[in-house]
Structure formats: C-alpha cells, structure tokens
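In what comes next, chain A is part of two complexes: it sits with chain B in the first one and with chain C in the second one.
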Partner chain A sequence: MLFKTITKENFKKMVEGLLEENEVIGPRSRDQDLGGNKIYRFLKINSFEELEMDYTRSYSSPKNYFLPFEEDLATYRLNDKDWEQEIRYTIHPRVIIGMRACDINALLKLDQVMLKSVYPNPYYFARRRNTLIIGLDHEPLEDCFCRSMNTDTVFHGFGLFLTDIGDRYFVAINSDTAYIILNQFDAREVTEEDQERYKTVKKQIESKFKTQVDITILPELMDLEFESEIWKKWGHKCLSCGSCAMVCPTCYCYGIEEDTNLTFTKATKRRFLYSCNLLDFAAVARGHNFRPDAHIRLKYRYYHKFRGFVEAFSQSLCVGCNRCGKACLAGISPKAVIDDLIKTEKK
Partner chain B sequence: MNLKIPKHDINLEPFMVGPPDFNRQTVLMQTERGFKSEVVNIVKLTAIEKLFQIRISEPCERENFTFLPGQFVMLELPGCGEVPISISSSPSNREFIGLCIRKVGKVTGMLHRSEPGAMVGIRGPFGTYFPMQKMVGRNILLIAGGLGIAPLRSPIYWVNEHRSEYKDITILYGVKEPGQILFDYQFEEWRKIYDLNLLTIVQNPDENWKERVGLITDLFEDISIDPENTFAIVCGPPVMFKFICTYLANIGIPRQRMFISLERRMHCGMGKCCRCIVGSTFTCLDGPVFDYWTVMNLKEAI
Partner chain C sequence: MKYLGITLERPKIGVFDFTGCEGCQLQIANKEEDLKDLFDLVEIVNFREISSDRREDYEIAFIDGCITTDSEVARLKKIRKQAGILVAMGACACLGGVNNLRSRFSLSDVIREVYDRHHINTGPVRKVADVVHVDIELPGCPISKPEFEWLVRHLVLGIEPQFPKYPVCVECKQRLNSCVLDMGLMCLGPVTRAGCNAVCPRNRLGCWGCRGPSEEANFESLIEILREKGFTEEHIAERVKFFNAFSGVLNSDR
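Up next is the complex of A and B:
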C-alpha cells in the first residue's frame, strides 16, 4: 500500500475541489440527545464547514448509500394483458468522507454477499463502483468493541484512509482514482517524523479500547446454547421493532413489494430493507410463522451474525460498532447478550 | 485539475443485452429480469389447486431455460408480487413448464383468477435438485404427502424417460381426503407405462374410496424395501419428514440417501434477502432439496 501525508489546509482544498465536481457525503450533526451530545448522520454536505471531522459515531451507518432503505428494482408498463419490464441501475458517482474502519469493514462483509458469492447484485455493484470512500481513523468510544471483532483496522475497500497526526493527515492510498486526486493537493512523501507520529497515534488509539467481547468460541456456543434461557431473558425485552437492523452497518435482509398506480398502467417492484426481528419475517403463505416469538427472532439475528455468516465466509457479520445497542429501545446490547452466553457456558 | 469521480455506467455493459442465465450463478446478470411467459393452459385439479402450463415467450430465452428435477422458479405477476414455486413438469419438456399451485395468498390467489393467455414473469431456475444421476442402478422410493406430489412429478417424469437406468420405483402418496388427490388422471399412465408401483392412502375416506385408509407411514406395511439399494425422495408437510425419515433410517437407509424438499417464503431466490434462512443455511441456494443428514443438523428446519 502507498502512504502519503497531506496538510489539513490542503485537505480542505481537496474537499472543496471534490465538492465542485461531485456529490459529497460526510458526517453532519443533525440533533442532540438528552445529554446534549450531538447526533450525527452521513448526509450530503455543501461546504467543507458542514463536514464534522471530529464526529464521534453516526447514529445510522453509511451502508444506506450502497443498500438504500427503499429501492425500485424494476418498473413495468402495463398494457391490458401484456406488460414490459424495465430495469435501470442507478449510476450516481459520489464521495463519502469520514467512514470509520468498522464501517468500511462492514462494506467488505457486504461485498462478500453482494459481489463475491453467487448471483452478484448489480444494484449494489453499480453503487459500490461509483463511490469513492475516504476513511477516517478515530479514538474508540466507551462502547466500541471493533477491536474484539478484528475490524478496527482496514486494508482495502476504500480510496483513501486518513489518520490525524496533528497538523496533517497520514494517508493510506488504495485506488488509482484516489491517488490522482490526492496528488493534485501537494501530498508529500512520508517522512520519518510522520511515521513516528503515526505510530504514536495508532498506539494511543489502541490503548483507548475499553469494551471487549470474547468471540473465541461464539460460533459453537450459538449451537450449544440454542435452547438457553438467555434468549428468553433478552428476547422478552425485545419489542420486535427492527431498529437494530436499520442502524446496523451489515444487516442486509430485505423484502420485496410490488404495486401498481391507480390507473393500472404502471407497476413497480420495490426492495425495502427488512429486519429479522419483525414479526412476519419468517411467515409463509396461509399464516404459518417459523419464528413466532420475539426471543426466537432475536436468537436468529445473533445466529446469523455470529454463526451462519462465520460458516459461510469465515468471519462474523458484526463489526462491533454498538449502534444496535444504542438504538435499541429496550436496552439490549450485543455485548451484554454475548457476555451472558459465555457465562452460562462457564457454569 | 481532475477531481471528477469516474462514472462507471453498468447500464451500458453487455450483460444488459442478453437474457440472464440463472444456471450460471457467478456471472453478473440482470438478476431481477424475468422471462416474459404466457400461461398457455390451466388445468383445474381440485377446488384450490391448479396446474399452470407456462411457456416462455421469447424463443431464445425458452431455449436457454433448462432445469433439473427439484428446482424452483420465482413466478412474478407484475404489480402483484413474486412467489417461489417448484417446477412439476419434465426437464425434457422444453416447450412449457408446469407449475402446480395452491391458492393460499395474494399472488397465488390472483393467479387462480387468471385465464389462459395471461402474461407472467419467470426467473430461474434456482436451487438444488434431486441427484437422479447418483440413483442410477438403484431402487427409488418416492413419498408424497398432499401437495408434495407437485415437486415429485418432475423426478417421476425423469425416471420414466430414463427407465432402463433405474430398478424398482415405488410411489407412496397420502392425503387427508380423497378429494385432495392430485394428478389421479395420470395414475394409470404411471403404473402401466412408467412401470411404477403406486400406492395411495387417505386419512378420512368417503364411500367411494377403495384403497388404504390411514397415515402415509402405514403404507410401509405393504411394501418391502431393500435398504442397501434404495434412495428415497420425500415431499410433503414438515411433520411428515420426521416420521418417514426416522422409519427409513431405522430400517437401514443411510440419511444421505434420503432427499427432502423444504419450503420457505423466499423473496429473491438468490441468497440475498435472507427470508428463507434455516439456521444458517439458505433454502434457496443450499436447498430446496437437502439430504436428511443435512436437515437433521439444521435448526428449525422441520
């Protein structure tokens, strides 16, 4: 991998240049929580000043720029008995600035499903191909457990990845497009001093992780503790609202809906992101539901994340961002659930 | 300065032109593009089940469409919805495919209201199939409960078309009431021409019923099974699988030689939507046909 440095002043010029030519998405504060802390989201920015490079964590993940909450898969022109289907892929070049290592790792996990397994998804492909990602390192928050999930560092899946080393950014470069852009803003070769500062920052980041989750035997535990009371304990709290899946950077389950306009001349096939915690997720025709209880659905969310995905792709489908823990109205946090599972094993 | 993110318009790529070939799973294709097809005939089987004969309209798409016994298609009524349906016609029939559909929900209900000439969409084929090649030289025991006969028709046709390759073929078919029996107009053909041993049983007989009364497992009393040389294919309601497969395992048929077909409400057919996940296995990709050993190791499968 190539590394360079860019001063913060030049980085500002680069963002302003990118803003002139492209749509740019970045972290912006939208509101405050009860404690007066800013709530961030990844949104379109119009000027460098709107970009909050010191943001903590976005409430929902930037995955929705690749997997939108709702998306038209196909449209139909209906004509008496006949119809014509039309499929157009959205091509919308854009830059996303400020994605964390965990969020980029989340995209890499989605790539496994959407691009690298059978039936590559062209809708996702079109968005992934037309997005330049500029990542940004940060000091972990209290509840970040990405280190336990091995997603606190990232080596591919982005164009540039920035680490703040004082008056400049230490930049990892991972695509030609990004390299060409960076070089137009007086990016410098890495000096020994830069390298030392980078090492110091990285060590400091590492030392700040407070939350750990032990996932060593988690895949096996998922089977061993399948009938555990733990699932009922947490599942009975679950409101089956699906908030966790909506903010999760890796949840990709969806549903399909079709509808027509009022004159029956046009129809649309629409995909909408779904959640396996919603009541009818596994319902089949005539009303039979394979997962009728909240605790069973909660169990399967964990089962897919920490057992199913591991089996298929040798990695878990969680990046340790704890967004679901924060968003959960019933206070179910992944760390607490996993800790509980591990404890029962030790008894 | 050049700061424009290069535009990669996949709408201009070659895969946009030709029809998708769902048998080539790893290539980039228009995954939502359905083959426009005409409902050429509708056979009324019972009050709630009909056999739809569907012909892909475009000749090159029709030519491309090949499947194996046990696979399914996604059947779409534009503006109404899309449902997974297993194919119940012969793989060698390249003119039309047969889909036996029970009226249960929104899409199937709408389909039951349609008439010949209606245009529908087909995506597929998807999923695994009954490994008919592996069964060459052996006996095959086909067991169907209720609507489970629909996916079995495809291997039954296959066996007939390759009759010399297989030994004894037995079909056990059980339903609740005589009025629910499907495809009885073919029974004579199956017995006489296909040279199959077909036994039927009902739970609640009427006055005209002359064959066995009871549960499908009762039919095991009437046949002899050579466990060393028999493969089993089982389709029906989930409760049936456990009783039948346990019995067959007890008489010595290896679990890897029993094949069952699972059903879920799939939304994509391609391992993306996760709606058909059983434990950590996708019914659409790893199934719908599984051997019983695999199913036993799946949580919540049956």
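Up next is the complex of A and C:
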C-alpha cells in the first residue's frame, strides 16, 4: 500500500473538485437525540461545508448506496402479446467520504456474497465499481466492538483511507483512480514526523476500545445453545420491526415484487431489502410460515451472522458497529445476547 | 383495457360516504392527471363527490366513513347485498377512526354538547366490519392515492392484494429518518401496519396508528418501552386509543 499526506486545506479542495463531476455522499447531521447528541447519516452533500468529518457514528450504515432499500431490477414495455425488457446497471459516478473501517469491512463481506458467488449481482457490481470510497479513522465509541470482530482495521476495498494527524490527513492509497485524484491536490510524501504522528494516533485509537465480545467458540456455542431459553427472553422483547436489519451494514436479505402502471403498458420488477425478523419472512405460497415465532426469527438472524456465515466464508457477518443495538428500542444488542449465551453455557 | 393481449373486464365501482370527513373520497378524486387512466380501468357508476350518476349496478363498493345511524346500517347492508367485493376504505371504515373518540363519553352528553336540544338520531361508532362482512381493508387516514390505484390494479387483474404485514419502522429506517422516539416523541410506528412510507415520522411527528396494527404486533414490549421512556399512562392511552386501532391493548381496556 502507498501512503501520502494531504493538508486539510487541500483535502477541502479535493472534495470540491470531486463535487464537480460526482455524486458525493458523506456524514451529515440532522436532528438531535434527547441527550443533545447529533444524529448523523450518510447523505448527498452539495458543498464541503455540509460534510461533518468529526461525526461519531451514522445511525444507519451506508450499505444502501450499494444495496438500495428498493431498486428496479428491470422495467418492461408491454405490448399486445409480448414485452420488451430493459435492464440498466449504470449509475452516476459516486464518492462516499467518511466510511469507517467496519463499514468497508462490511462491504468486503458483502463482496463475498454479491461478487464471488456462483451468481454475481450485477447491480451491486455496478455500484461497487462506480463508487470511490474515502475511508476515515475514528476513536471507538463506548459500544464499538469491531475489535472483537477483527474489523477495526481495513487494508483493501477502498480508494483512500484517512487518518487525522492534526493539520493533515495521513492517507492510505488503494486504487489507481484514487492515487491520480489525490496527486492533483498536492499530496505530500510521508515524512518521518508524519509517520510518528500516525503511529501515535493509531495507538491512541487502539487504547480506547471498551467493549469486547467473546466470539472464540461462538459458532459451536450457537449449536450447543440452540434450544436455550435466552432466545425466548430476547424474542419476547423483540418488536419484529426489522430496524436492526435496515441499519445493519451487512444484512442483505431481500424480496422481489412485480407491478404494472395504471394503464398496463409498463411493468417493473423491483427488489426490496427485507429482514428475517419480519413476521412473513419465511412465509411461503398458500400461507404456511416456517418461522412464526419472534424468538425463532431473532435466533436465526444471530445464527446467520455468527454461525452460518462463518461456516460458508470462515468469517462472521457482524462487524461490531452496534448500529442494531442502538436502533433497537427493546435494547437487544449483539453484546447483550452473546454475553447471555456465554453465561448460560458456563452455568 | 388490455393486458398482454388479454382484454380485461372493466369493473363497475361505487364509492359511498358514511360518517367521516370524506377525505378518503377526495384522495380518489385527487391526482387529476391519472383520473382518465383510472376511469379507463374501472367504470364509476356511483360516487357522489365526482359524478351525478346514481346507478345501482356496481360490482365493487368502496365504503368511506364509520357507521353511526340506523339508516346507515340499512344502507350499508343494501350495498353489501349488491357488491361482489366490499372494500372498507380509510381509518374510519376500517377501525372506527377519529370519530370513535366520542365513545369515551356518554352518547347523550355528546349529543347535548354538539346539537344542544336539536333532535339527532345517532348511535355508537362502529367500523364497517361490525355491521357487514368486509372483503378488503384499505388502511390510512386518509388513504393514499398510489395505494388505492395499486389496489384497483389488483382488483382488475383478480389478484389478492398483499398489504405489508410488518410495522412502520421498516419504511422509516429505509427513508433514513431519525427515530422520533430517540428524539423524545411518542410513536406507535413499531406496532402499526406499514405502507404509508413513514410519512409522519418523516415529518418529525410520531405515528398515531391510523393504518391499524401490524400483524402480530408486540404491544406489550412497546408499551413497556414507552413507560421506560417516561411517557405517562394518560399520554400512552390517548395515543393508543386515538384511531381505535388497538382496542384491548391497554390493561385499562380489559
């Protein structure tokens, strides 16, 4: 990997340059919670000033810029006896600024499913290819457990990755495009002093992790505790509202629906992200529901994250961002559930 | 109208007003640019708000409003007899709706307050399903025109419409809204049927439950959450009872 540094002034110029020809997405705050904390999300920015580089965590992950909550897979022009199908993969070039290491690692996990499987997803591929990711380091929040999930650092899957070292950013460069862009804005070779500052910041980040989740034997534990009462305990609180899956950077389950316009001259095949916690997730034709109970659905969500995905790809599907825990009104968080499982096992 | 070469029947539709604000009917009349296409799809034979036709040969009846008087009961039963498919349309028809607020008081007090000594024939607020069999419930206060058109397409094609079973939270998160409960507002989104695209939370208003409960909603959990967040029993009761969507949910109802 190549490293350079760029002053914050020049970074601003770079963002302004990118804004000229790309759709630029970045962390922005809107609203405050009861504690007066800003609520951030990844939204389109129109100027550098709208970008909040000091953001803490976005309420929802930037997943939707790769797997939209709703997307048209195909549109059809219907005529008397036949139809013409139109499929578009193209998207406007996009830049996402400020993604965390956990969120980029989440994309790498999604890549396993969307790009490296038997049937790659061309819609996802188009977005992934046409998006320049500029990552950003941060000091972990109270409940970040990405360290436990081995997703607190990232070495590929982005164009640039920034670490704030005072008046400038220390930049890891991971693509030709990103390299070319960066060099247009007076990026400087890394000096010894830059390197020292970078190491200091990194150590500081490392020292601030507070939350740990023990996943050492989690896949086995999941099997051993398949019938555990803890699923009922948490399932009883679960609102089956799907919030966890919507804000999650890696939940990718979906449904498909088809619809026509009012004159039956056009039709659309649409994919929409769904959640395995929703009541009819496992309902099939004629109405049978394989998972009618909330606690079973909750259990299987955790199974997919911490066991099924491990079996298939030798890694967990959770990146430890705790967005699901934050979004859950009922207070269901991976940390709480897994700690409970471990406690049960030790009894 | 043809669909892939197949000629579709053009069903005859009647829209009927009972006790309510007629806002749902207005929704149908709204979005004028689509009205011609809508009328190509269905024949409106009885719809006081937009047509002087008063034909009785409708096949599908849309009922707007709740049922409060004896004459309304008789009229509704007559419509039910004629209509092959009867759709309860909007919160009043599906749930009783805002009108049901008066059920908290004695009927004679309500009549005296509003009409003084003028004689008025009115009974308890009933939703349409309390009086006749309902085939389809089209929720919302008011209904949304896109959802109405979606339903009409299903009726014309003879496909059973599948309304979302899940709660508003799904759509709210998809629109990247801030959770209004985090912002200190009361919200029934976690137990209310989605399909509204979370229009109220989008505008920083908590959900009032106008679309009725989501399927197998976890009321118990939500009410515990609301209490933990410091909402008073009165505040919770006021919200939960507003549209009459969640009867029997609060202990005080039982």
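The criterion applied here is as follows: the second predicted complex is superposed on the first by the 344 of 347 C-alpha atoms of A that agree within 3 Å, B and C clash if a C-alpha of one lies under 4 Å from a C-alpha of the other, contacts with A are read in each partner's own complex, and residues count from 1 in each chain.
Rule of thumb we're sticking to: a contact is a pair of C-beta atoms (placed from the backbone, for glycine too) under 8 Å apart; a residue touches a chain by one contact, two chains touch by 3 or more.
The shown structure was predicted, so the numbers you read here are calculated from the model rather than taken from an experiment.
A.B. asks: Tell me the contact category for A:N22 with respect to chain B and chain C: first, second, both or neither.
C.D. replies: first
A.B. asks: Does the superposition put A:W83 against chain B (first), chain C (second), both, or neither?
C.D. replies: In the superposed model, A:W83 contacts both chain B and chain C.
A.B. asks: Check whether chain B or chain C contacts more residues of chain A in the superposed model.
C.D. replies: B
A.B. asks: Does the superposition put A:C253 against chain B (first), chain C (second), both, or neither?
C.D. replies: After superposing on A, A:C253 lies in contact with chain B but is clear of chain C.
A.B. asks: Can A:L262 be said to touch chain B (first), chain C (second), both, or neither?
C.D. replies: second
A.B. asks: Need the overlap of the two footprints on chain A, from chain B and from chain C, as residue ranges.
C.D. replies: 78, 81-83, 259-260, 264
A.B. asks: Show me the residue ranges of chain A that touch chain C in the complex, using the header's touch definition.
C.D. replies: By the definition above, chain A touches chain C via 30-34, 39, 41, 43, 59-60, 64, 69-70, 78, 80-83, 236-243, 246-247, 259-260, 262-264, 273, 275, 278-280, 294, 327, 329-330.
A.B. asks: Over in the complex, which chain B residues touch chain A? Could you list them?
C.D. replies: My answer: residues 1-11, 15, 22, 25-34, 36, 76-83, 104-105, 108, 117-119, 121, 263-265, 267-268, 270-275, 277, 279-281, 285, 299-300.
A.B. asks: Which bits of chain A are touching chain B when the two form their complex?
C.D. replies: 14, 17-18, 20-22, 73-74, 76, 78, 81-83, 85, 87-89, 91, 93-95, 113-114, 117-122, 125-126, 129-132, 177, 180-181, 184, 223, 226, 252-260, 264, 267-269, 274, 276, 281-286, 290-291, 300, 303-304, 307-309, 311-312
A.B. asks: Tell me, which parts of chain C touch chain A in their complex?
C.D. replies: Per the stated touch rule, the residues are 1-5, 8, 34, 37-38, 40-41, 149-150, 152-153, 165-167, 169-170, 173-174, 176, 178-179, 181-184, 189-191, 204, 214-218, 221-222, 225.
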